[in-house]
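Can you keep this structure in mind? I'll have questions shortly.
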Amino acid sequence: MESFALSLVKAVPALSGVPMWTVTLTAMVLTAAILLVFALTFGGLGSYVLRKVAGDIQVRIGPNRVGPYGLLQFLADGAKLILKEDIIPAKADRFLFILAPYLVFVGSFAAFVVLPFGVGLIASDLNIGVYYVMAVTSLVVVGILMAGWASNNKWALLGGMRAAAQIISYEIPVGMAIMPAVLIAGSLSLQDIVRSQGGLLGVFGWNLFHNPFTFFSFILYFTAAQAETNQTPFDLPEAESELVSGYNVEYSGIRYAFFFLAEFGDMFVVAALATACFLGGWHVPFFHAEALPAFWGNLLSLGAFLFKAFALVLVMMWVRWTLPRLRVDQLMRMSWKYLVPLTFVNLLGVSLWLLLFKGKGIPQMIASLVG
Amino acid sequence: MTRPAEALPTQEMLINMGPQHPSTHGVLRVLLRTDGEVVVNARPDVGYLHRALEKIGERVTYAQFMPFTDRLDYLASMNCNCAYAWAVEKLAGIEVPERAEYIRVIVSELNRISSHLIAFGSFTADMGAFTPFLYSIRERERVNDLFEDLCGNRLTYNFARIGGVSADLPPGFLEKTKEFLDYFEPKIDEYNKLISYNKIFVHRLAKVAVITAEDAIAYGLTGPNLRGSGVRFDLRRDEPYSVYPKLDFDVCVGSGERGALGDCFDRYMVRINEMRESVKILRQAIAQIPEGPVAAKVPRVFKPPVGEAYFRSECPRGETGFYLISDGTGNPSRLKIRTGSFVTMNIFEKVTVGLMIADIVAVIGSFDIILPEIDR
Amino acid sequence: MGLKQYINDIVEAVVTTAKGMRITARYGVDASEEVTQQYPEERREPSERFRGFLHNDVARCTSCQMCIKVCPVDCISLEAVRGADKKFVLASYDINIGRCMYCGLCVEVCPTKSLTHTSGYEKASVNRGELVLHFIHEDAAEIKARVAKQVAEAAAKAAEAAKAAEAVKAAANPAAPDVAPAAANKPAPAEPQAKEKPESEKKG
């Protein structure tokens, strides 16, 4: 942020008279606003795409009445939610009830800070990037538990408890599955991880193809992340047909919209992390985005990053509409008995590989053999 | 020193799975006492859809009661119509022409397919897989189109009459039915590939709510619920009526193929396999149907002789029986309806002990109950 | 659980998931599979035998009341008066389609086939009164009054005709005394005026 502020001052000479902290503050607020707009737009358009994908898979047309091809459906939904009556159950814990959606949204939105959107497009390239994301997405658990408890509704309570158990259990496989990428890059910073996948190998520089263990890591990460974001087959906390929406059940109007947007935000964060760590982040195949002039480099890399992230989100939606949901004890079993041991074994495998082959992946070794 | 777990005070939760619930297949209320996620006692509370059909039966004439049998099990309306018609014919000793019997069998089996499609679709939707429901509805719409051509309605058909059926098959009906069967049979394999053998789905249902054969018979279960526990009993085979003796089909029973015999998965697979058998029956019936009248001559003012009769037929949800007492007048003196879903609820409390809340939904779906049948 | 079972579980999960995802992908990509009919722009033509709203061709209706007797929910009601030619004249014929269950029993028993099903099914309204279809558009009381007048006129004419015939007969047979004069002079018994048929109640 400091460097961004400095570059702003350099670019606009009129600002040199203004004290530094004002410029920095404005820069921060501006970035946050841009990210918020992005998150909200993604939430809205994401819901539209979700319904359209659902329609396609379910041999029907999704929304197509509001606007061309139904594109404005999410605006209509948003307007409806905002205009709804704000109902707070009589015996609910008012303060916690009102606070919960904001905590959940913050838990998902705060992770946007370290997502590497482009060559120089990152709100803040923290040197503990991955660790920060893991830490901050845990706020979601607190929010959901609050929502479940404060609703004064047994169904919501059950949903909240399930959600807490689920999210906490799946954080371990998520963290363990990201570790190989960190080990290969040698740094927790997401920009470093992305840069480590660059080079002339193009697509094969991605961590996905580095060695078989990172390939499995990607799949394990994707599975565990699907559970983190409460998507079917792991959507037990908000199981529509059992708990009638679980912890969401007493929420209506804009409060519900926050939960909903937080879910989509989480989906994007997870997809973005997977892109950054395994699919080469903002690297454009056969292009050296860093070498291009700043504007074009940023634009191209932003495009590549978003393309990859959206593709992963689409895959998540595809899985969502195919599979039934797991029961809560099966969910726990899957996490602790399957994903955790597998990710540990994977981590061990990657570490051994890096030790034996001095950090080179299969494509690198082939490249060095060939020329 | 560690505190033993029993010393921790815990409380049972009383959760009301109310009449309004997405997965109770109607307005069923279940009072759940749970210890966390594990169910200690689940008591069903029925009656939210009671419409006094049996009392209405005493007020209207025999012919006028036919539309009410539509609404007894609206997803298997033809089966209920025909069951009532057979009961009245047994009471009055009316002989039904053969073509009418074949037509009744054809529409009953078509309706069995469409009823099992809904059972399959809504069950998988309750389990969280939303897509198979849409596919089954798509198939069901084709059956509804056939029925609309035949009798004019898409859900409550009022097709059978005392002595036969209300109208002959329209031209092209048998060809269209054959087309539907050719289209539908491969779809069953598609459903199996998509969801039936999916590991998550199997895991949800295997070994859940196991009902032994002895229990099933003792509690009076019928239909796919009974056959899912391995009891090879089908009224069409064991107490044959109408033209079923001339038709060749297998009785599908559960085999414990994934998990235990008599679990939810077995009952589910029995329904899937029954759809295949119904296709077989339909092909034979279409080939064998003779020409002839479609209704026997029944007096306009129909007064059956004094007496009583009980007739039971194999409906998709079990055995539907009509018990009629006639006092010689035009209205029944007593019309009692025995439905499969109502009797199935007897075993609900026993079978849900120790299950988790998510399993309650699986159990309700695997029993394939429908509330109008339970509450009448 | 042994290692073999463990690996088996994982492999089975992946394989069945992949099979399922292949099917949904095929449907997802193939837009021609969509079966939605965009109502109200695309409408399905109901079949020939479709049991839509009822319609009574009152010109053919003979007020036999078979439809009322057979209706399970008493949704039809009519008023009729006997006209001058001894045939019934419909004063009103109402069907409450909010009550009707479209079972088709009334159409089956109608002897003149004046009662038929149309293919209409769209009449949602916010007012239950709108759901009562009236097939006689004149006011019932007016019709009854008119018919009563006709009957009275006919009775008067018949009485005159009878008197004229009497006179002719008396003129033709002067020598035939006592030809049951009381019987000849007895006026034709007039039917009671507005003989209302028992009407089934018309609940709104």
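We call the chains A, B and C, going by the order they appear; numbering starts again at 1 in every chain.
Here is the rule we go by: a residue touches a chain if its C-beta (ideal position, glycine included) is under 8 Å from a C-beta of that chain, and two chains touch if they have at least 3 such contacts.
Bear in mind the structure is a predicted one, so any value in this text is a computation, not a measurement.
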Chain whose average C-alpha position is farthest from subunit B's own: A
Looking only at C-beta pairs that count as contacts, which pair of chains has more of them, A-C or B-C? B-C
In whole angstrom, how far does the Cα centroid of subunit A sit from the Cα centroid of subunit B? 45
For subunit A versus subunit C, what separation do you get between their C-alpha means, in angstrom? 63
Need the CA-centroid distance for the pair subunit B / subunit C, whole Å please. 34
Two or more partner chains touched - positions in subunit C: 9, 17, 20, 23-24, 27, 35
Which residues belonging to subunit A are in contact with no fewer than two other chains? 57-60, 321-323
In subunit B, the residues touching two or more other chains are 131, 138, 194-195, 198, 200
So, in the complex, the side of subunit A touching subunit B is made of residues 54, 57-60, 154-155, 158, 162, 232-233, 235-236, 239-244, 321-330
Using the touch rule from the top, collect the residues of subunit A that touch subunit C in their complex. 53, 55-61, 64, 318-319, 321-323, 338
So in the complex, which bits of subunit B are touching subunit C? 60, 63-68, 70, 131, 138, 141, 145, 148-153, 156, 158, 166-167, 170, 190, 193-195, 197-200
Show which residues of subunit B lie in contact with subunit A when the two form their complex. 13, 15, 21-23, 37, 124-131, 134-135, 138, 194-195, 198, 200-201, 203-204, 356-359, 361
Please output the residues of subunit C touching subunit A within their complex, sorted ascending. 9-10, 17, 20-21, 23-25, 27-29, 31, 33-36, 38
